[in-house]
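Here come two complexes built around chain A, the first alongside chain B, the second alongside chain C.
Let's turn to the complex of A and B:
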């Protein structure tokens, strides 16, 4: 009875964090971190692509319409290309990014993080026909919402994943403050949390910073209003001399 | 080691690696690409160290991104497309079809079976055609193959521009049908079954009807040539779809998702072959089948030859004693 109520001790494995990171272990023994994209950015990217395709077709029909039967033939070839190959060509030749995905910062990759190839891209885009059923992408949306990695049916069959592309991170600098000794030994993830607090300091409001730092006021044996400065000092010490 | 010292020591190397990645991502292999694998492995080790030592997430995330980009370049499937296509054409495709004989047989029986049965029925009981096709469609078909007022019937009535128009139309239409037949197999195979049957029935109905009313000399010479490729392609597309559906219905020892993925990897190669067949069919349909200065006997002869060619290709090509390379 009491055992089940006891808090987990510091040594036990922690709960997985509540985020959507997908870890892929590579042969080099490191974990790649992929960030699968959810329904809304994917739908937006698709809408952009739809608009681009519409514009291409409209323009070409206006131009090719001038050329009679030859133009009509070319127009239907183009229609075929744009309908069935637009996504495939862009995804394979442009690092997994159609124009819409590029705009939204998305990218299609294989499940193992490698760039999408012809076979997988063709599979996922041909099977789009089924995701469209019975109307307005219903099956695709349901599948996307139900899957932990937001895959639609085409992605399931092709073994692909839509992820956020990597973006250069801004370079936060630690505030100028004197280094202070670390009062007790820290685990790796505790050090990381502490450094993250210092690095993200500029993005937090003053109240929130004090509130967060205040949690540690007890263990650090300082008054709550000095906890933040003390934490920053420790972060400085952890980083080492610049 | 303190984080800042670590960063100072390796910063130049990381920047260099990022430059190499930029070059590779834009398809240029730089002069130092020989060192890429070694640099990549070193970076992976540094990332593992940084995570182990609890360095800040800014640094760790930066290294993770570099590692991810490196991984993509290092493990990308970079075999030359042209060589793969040629290999597929010369042996891979017929071998694949023979290996997948079960779905191919099932789809062919469904498609050709319904086609022949419906054709025979409509030929014997002409009014049956209206159970499947609307009267306007039937009238349209009759107009198309009318021996007296046919677009096909006179030499030179169709310009090369019209050939182009029809080529575009055939490509769009036939590829659409084939892709639909394949993709709807994901609905536990039901979609593929449906499209195979409906296509077989309607083609059979048209063939039976036109033969019944005596338009044989315009209809059969026109369709026999490209039919070899087009009908085979539709049957194969159906087979690829059935394979998807079968993987979902009976995944065997695998999990459903995994079974589907494996089936899809093979199905999509079948579809690549279907693309090829349909392209050939569209060419023949637009440029040969519509030619009318040749007599019907020559059309039949070429048509039979093409059917034999297709059959020989799928039965014989790619059979080598030794293992393929």
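Let's turn to the complex of A and C:
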């Protein structure tokens, strides 16, 4: 630790840029972007699942309790099922989402982004027993906090990952403006930035929009006031015909 | 602060992801952050414990109440770290007094129980606002559910601290050897702590401080991530960074060149740009040419892969010619020899197979044959195990004893057989003995004994002994036996045939 404290700025400069994405390269050479989910949403999802399970068990015990010993036997079976199979069944049959995860927009997948299977789901859920040690998920919490992909021990053993599921993106709307030619060659990320500027225009304040566009007024060779309109025109051109 | 110096990719994220982002940032500098939190906090707890030795609960309460002040230094370090200026531990600690001064009273009183504390702290500390301006700025940032997630972060953090604390306690308890004799009387612990147990309570407080050392920097980082994300949403920091990079690139020499060409292109008349590309008629390819082209292209990497392998193999043609040049045996002879050898080898194989089949014929008959072999249908009875049946006559003579007496002269064995047969018949009919074909003489005797009739038993024993002697050993019964047996038989069964 002392070594890293001795020359911190030199060490940080070499590190790759920090991001919350996890890239998985498919055999076809395509980068899949996964967004691993951290401790807070996972803890909340677990709390929801715990509540759901508690409710199921409470209700069934109340109902089955009326039937004497047969009811107690059935209740014990149900207890086993809900304790050990609740997560596995939901994860495998519902695209990696238990009700809690679904509510929080989470999803369990294999490390390579494929849907989670029986073996992996069973492994990661049986290992909860280890994560629980010595009390209240201590090991699981520490492992989740320390791992770069927020994996607890069960995830490490099963080779699974909890990620944010895909959310439907709102269709971007560009302002109605005439397309203008792109005055200089643009790289991919620069095109994306210009498009994003046009798409997120409505959420930025007027002053901030002008300030941002003003940065490029020089290269565009326009006065600062017209830079925004010019940028929007270029974005329309990049977007292609509507 | 230059956004392009950021060590992280800034773009709009969901609140959850923003928290994760902050925690990932904190993880990069976990050692520094934890030390920066612990170096002021632990001595403080030690001091509080010494001062309030008699009431550990109060010491913990004060320590817990002061928690928001401890969140300032990690935030300071995180904010510097984001733009690549990670401060050293000494620098950070020197900055601490200045950090603590800002609005410390409000943090400890009216905002102590604010669930969005982690989100509000950066506004106060990093933007350096105070009073009404601070209040307005907070309202702007919090508008439109801007601080969504901060409350959840605090709630989860609360439970997390508790879980980790109890986990550490449980761990400690597991480590205690059974022989230590420390017995926790929980009820006593709850009611009143005896003075000799105070150290235990202070140890527990220390464990809480240990938990906070791990969680507090992460909590601060989560709030910082939320704050940062909000500003990225509101002010498009990512776009600013991208635009600045673009301007810098265009500002360099190549950029000017590109710009010049771009401008030239832009001033060209429109139709010139719209003119279709040069006619491709000259490039028309015949089918043959195209095929050749394709073949040539497929012959090149990455479509084809050439590989040279060196390995041993038989029959180099040059060596064959060498052998032929030797003084040769006539080819015809070699041919015949080879054929003879082949025949011999096939014969060997065939006879081997037949030998095997012969060796395992019993096994084959038992397991591979389609029909049950005769041997299995009637296996030879093991001698002594079950009785060789006397020659069964379908109908017994009316007077067995007289018949036997007549037979005895010429063939005593036949006479014995007849008597034995008659005995079995009688046992079956007169005494209802459940005799079966499989019963041995021993079993029959046992059944007779169970009837507890001494005369019958004596008769049966004598008869069976002599019958066995004859059947297995070909020992003819002595002549003296004849009268005894016959008289006993008549006495027992009379002379009549079974009814």
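Throughout what follows, the second predicted complex is superposed on the first by the 224 of 242 C-alpha atoms of A that agree within 3 Å, B and C clash if a C-alpha of one lies under 4 Å from a C-alpha of the other, contacts with A are read in each partner's own complex, and residues count from 1 in each chain.
The working rule: contacts are C-beta pairs under 8 Å (C-beta built on N, C-alpha and C of every residue); 3 or more make two chains touch, one makes a residue touch a chain.
Computed from a predicted model, the values in this text were never measured in an experiment.
Upon superposition of the two complexes on chain A, no clash is found between chain B and chain C, which fit side by side.
In the superposition on chain A, contact of A:141 is made with chain C only, not with chain B.
In the superposed pair of complexes, A:73 makes contact with chain B only, with no contact to chain C. Within the superposed three-chain model, A:190 lies in touch with chain B and with chain C [touch as defined at top]. Residue contacts after overlaying the shared chain place A:123 against chain B, while chain C stays out of touching range. Using the contact criterion defined above for the overlaid structures, shared-chain residue A:206 touches neither chain B nor chain C, since it reaches no partner.
Contacts of A:43 after superposition on the shared chain: chain C is touched, whereas chain B is not.
Superposing the two structures on chain A brings chain B to within 11 Å of chain C, judged by their nearest Cα atoms.
Chain A residues in contact with chain B (one complex) as well as with chain C (other complex) are 133, 186, 189-190, 192, 196. Looking at the complex, you find that chain A touches chain B at residues 26, 28-30, 32-34, 68-70, 72-77, 79-80, 83-84, 95, 109, 112-115, 117-120, 122-123, 126-130, 133, 153, 156-159, 166, 169, 171-172, 186-192, 195-196, 198-199, 238-242.
Of all residues in chain C, those touching chain A in their complex are 6-9, 12-14, 16-17, 19-21, 23-25, 27-29, 31-32, 35, 81, 84-89, 149, 152-153, 156, 159-160, 162-164, 166-171, 174, 214, 218, 222, 233-236, 238-240, 242-247, 250-251, 255, 258-259, 262-263, 265-266. Within the complex, the chain B residues that touch chain A are 1-5, 25, 40-41, 44-45, 47-48, 51-58, 60-62, 64-65, 67-69, 71-72, 75-77, 81, 159, 161-169, 171-172, 175-176, 179-180, 182-184, 186-187, 191, 244, 257, 260-261, 263-265, 267-269, 271-272. Residues 1, 4-5, 8-9, 12-13, 15, 17-21, 35-41, 43-44, 104-105, 133-139, 141-142, 145-146, 148, 150, 164, 167, 181-186, 189-190, 192-193, 196-197, 200, 203-205, 208, 212, 215-216, 218-219 of chain A are the ones touching chain C in the complex.
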